[in-house]
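The data blocks that follow each hold one structure.
Both of the next two complexes hold chain A, though its partner changes from chain B to chain C.
Up next, the complex of A and B:
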């Protein structure tokens, strides 16, 4: 048995093959195709860095341009399948198997390719789950990553969008895998070392910035009065009574409305300092007014947001920043923070069924999960107490021994009873089930499982599922806030009224909220320009969001 | 801490409904509506297309007082069919303008329109022509017709032609004035010519600041109902004759403008020619700074 060290030998071979095309660690852009061909082997497990926002786009197109006769059967393990090139790799037969988390803009094409058997699907994960598997059974042989700049030794500066990079490099480089980075430019000295150079084997100078998608910008001008009403209900009916200070927000317009109501409606309710002080959250532009009013104490970020760089740098009292001044984000840490150190997740969804399962899947699109199922789940390993967590736990099991009773994370689904294009939010049967049947999946892609959901908020009111004792009560609580959807109209009015008497369902009037007060004048900013002005012009909105 | 919210208590003109705008514009309690929604003068065409109707057909007309003086007012509701002109909608405005001649009262038109309603295009186009003719007649009779532009739908298509015949135009940054809308240009001439999703491009080409700088509007105000009211009071003071000599002078001015700016590829090039400092920074300027910077602007005083 003298075969130990074979992985190091294999890595050595790849390094030798790659160095033929490199000067030191630097691979000139024109040599990239030949270089990739030399270092990637058929059957390799490859992580092509496609994050929620930042994309190793140059490396992606170079990989997609390889000859499938020479390199094939790759197993792609990447969190985001976002660029067309990510799927071209499968279309051309260079890669065969896929494990991923999120597909956003490629949701329709990925579904089509799964149906057409162009892709062999491992599983759709949450971010944290996929990262975990990088260290157990999906460790990459090759990681193709993206950074802002590098020095000649391979030290990388990732700028505000660090995102997944440290995790990918950790799993690959320390397990004898090869790490190749595309950078905007090679510099003498990087502004800060996000990834130490001895973990990075080769660097390609792209000559232009990697692609970043502004995913977290919600234009206040598009927030409706119904969304404002749901936001008022959430603030007064959930945030306030539980005293939710540590939380994560989804990216929908309902939660954007909540962010914009804090300095106005929240202030009026005297909630400043009592709610929303600590976030696991990307730098949402709609949070600027609340930050400027002193509502927020601290925010840790998964990634950055286009246009928010200067603002974040100028607010290092709130955000995590490096010695260079810019944001340091980290998806794995922030997902962990959202799971274990937050008392609430609140977000929107596309479909909720009668037990409370929710899903963003429609039959022709597989958008993946991203981080929501992780944020929106009750962490069974949590042991530290907090007021909202204990209160929720007590509501769920009032008769249990308090010292032995688990708390509960608040997992809130918020939305209008009829969503985009008048599609009902509430359904008898999730489209996800149909998709699972057609693709022969073991699991239907459910975003948040019913046993994790604690509250549902619509314009008709709040349903507190923690206080439901039977399956029937739960169903009627959901029907009771489902408005004029088919599900809502089929409610048992007597039972719903009983639930209301018990406070399981709360209507706007039960909370002292007049729906006519839900006016856009309540928003601390009504346009992107308002946000820019509130930031002291530090926020620089991308062109597509400007109307000036 | 800096000021928390850019949104103060005042009413945003851009966000307000037609009725809210009128309420904020005229002296409190002075407005009375003609042919109000209770009469249900709805479009005779929309039901054919199974489209919803509105009891006022998307325009509110009536009389009121501004700073004490009697005026006639029309306000388009941009949230109903994009404020588009149909048969009834147009007839209400035509009638109001003809009444202005009889009553010898000035008119305020609160534009918020994408142009003519496609579902009643012939009636709508005819209405545009009738309205322009009625404005010409009113102005020849010494009546001021003042346009206020700052709504969500902007002032496009036939609406922009009508605006061109007004005595005075008040615009905010949010307001847009153009015959063809961004999507129309992109559809007909390609995305290379005009990317309708590039909102910064749309605003610097059609938006209030640019229109003010090249004489396409006469007064530039903040997006606040109170600012529009003050500007309207100002505009109502303004008196000008309107005859062949004035029209000829305006034609000359437009020829001169074309000569001066015809080769410009982008609004920023025009601002450069106008000698504005840091032209790329114009869109970001707050109103007071912008107005000081706009000293060298083209103006349309010949015809208006």
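Up next, the complex of A and C:
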């Protein structure tokens, strides 16, 4: 029989080692390097809080500055690999293995380091999936997290960007791991307690706010007429007929265009109150006009968005806010909401193949998944009915017994047939396959699997894949909306026309969409300044988006 | 500058009475489309001046789809292209034919 309680003993040793550099729970910033060296052991599993938006940047730099001769072979488990320091840790040989979810701005470097064998990759996860593993087989020994303020007992206020913190702390602290927080300032009393102090072992006063990325701000000035046309197709051809009220929007100009068409085009179609009333969504600035026009009833957020803090606080009828007035976000809960309580996910991608698999991986960039594959998948555990879910299920299996027929979540991929630098959206073979071969991965990194996607929308029209009965029909439905890409030009015109007669493919003219309406004047806001004005100046755009 | 020209038979002719319409602007990634009602009613002619060379096959596909999908008979269409993507070209052509159909204001 082994000795029980060894993990608590090990935690006690770390606490004793750390206290040498702390006053109570407070570690002075100059002592941070020595402190980290004292509490982190080689081989530890470390969660360095890198969320979709918020970054524990001070702790990341300090970790990257450790001596690899003293601390090495760390196993990093973290949602976002976002900062250069996150990869410096591997470059220097402090960490060896990585399990992560999203790597947006570091996508090119992470690809290079994987090819150069600088990183041993565990897996690329969706957020919810990685969170789940924190509680099963990837529980951190040490969590390095970020918050706005702390009191001397370690109670933390995260502000609007709570994001992943509660999940990380829950998994680490209750399983005898060590939790270290960086905060902007130490205060007598925190505005609200987002993380109870008895779960937080040490606090470092950074003296400046943590780094946060305005990831969800899209400038309406950059929305093209093709994107407006595509957005009109989505609203009239999918949102309206299915009556989609509960949904999640992926990031991008296509969904931004949809948000900005609700108060204009949506209003004209009489859809107010019938679509887009409940969202799992970050506070997108482009949703301000629709909120102000009374379209939206409720929004739960994964995180916040830079500049939206005051607006959100003033719209507590819509958003979840705390007793201090500011937004309370929570990525794990919002991802769960996006999975189980939303009837539609709509988002963009970089590549779609002929069966409908889609991926944002190219051979030189590994952007990771984030939350899209979670929201963009059909939850097999869902049991509550709703009109869009039942209608989609009926389209997929018209002959099945209605009472025994699963519904289907609407999973919509939207984009123009040609993307950035004229790269075609449609490809014979995903770059993800090449990547998997070169890195000897068991799985190619696929964002949305073909058996989850229900519709593909481009400026050429909507392909309803639920109504395709054979592999051939599916391929021609995809080619039929692929426009003048190589894939599109190789379509079988006769079969595509038959699919159009059956309503599997719907073109703008089939839906009575006037191409003359595809005009920027149809946008409820045409600039960042318009968004600010629509918010009654409550929205304060970051300086890089201010061009007036 | 590459010049392309198409003469396509068009089953249905453009409605409305406007003698001409113009949509778009000549700019990088954009194009200007001038439509005039000067072709025989069952013919659509399209002349293209484009800054991008070597895309004859794509233009061919775009204009053929356009004539098949829209009522373009009787139109002489002149395009000044600043290297627009095919989706922008298709949208401008659709907008042009809609504009010449509209009653004059």
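The rule is simple: the second predicted complex is superposed on the first by the 547 of 548 C-alpha atoms of A that agree within 3 Å, B and C clash if a C-alpha of one lies under 4 Å from a C-alpha of the other, contacts with A are read in each partner's own complex, and residues count from 1 in each chain.
The rule we apply is simple: contacts are C-beta pairs under 8 Å (C-beta built on N, C-alpha and C of every residue); 3 or more make two chains touch, one makes a residue touch a chain.
These numbers were taken from a predicted model, which means no experiment stands behind them.
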Chain B versus chain C as contact partner of A:329, first or second or both or neither: neither
Which of chain B and chain C A:537 touches, first, second, both or neither: first
Partner chain in contact with A:418 - chain B first, chain C second, else both or neither: second
Chain B versus chain C as contact partner of A:282, first or second or both or neither: neither
Which superposed partner A:362 touches (first chain B, second chain C, both, neither): neither
Contacts of A:514 with chain B and chain C, given as first, second, both or neither: second
Which superposed partner A:293 touches (first chain B, second chain C, both, neither): first
Residues of chain A at both interfaces, chain B in one complex, chain C in the other: none
Touching residues (chain side chain B, partner chain A) in the complex: 1-7, 9, 11-12, 14-15, 173-174, 197-203, 207, 209, 283-284
Chain A to chain C touching residues, read off their complex: 224-226, 229, 416-418, 422, 458-460, 483-484, 489, 507-509, 514-516, 518
Chain A residues touching chain B - in the complex, by the definition given at the top: 263-264, 289, 292-294, 520-521, 523-527, 529-531, 533-534, 536-537, 543-548
In the complex, chain C residues that touch chain A: 57-58, 61-62, 69-70, 85-88, 90-91, 94-95, 98-99, 102
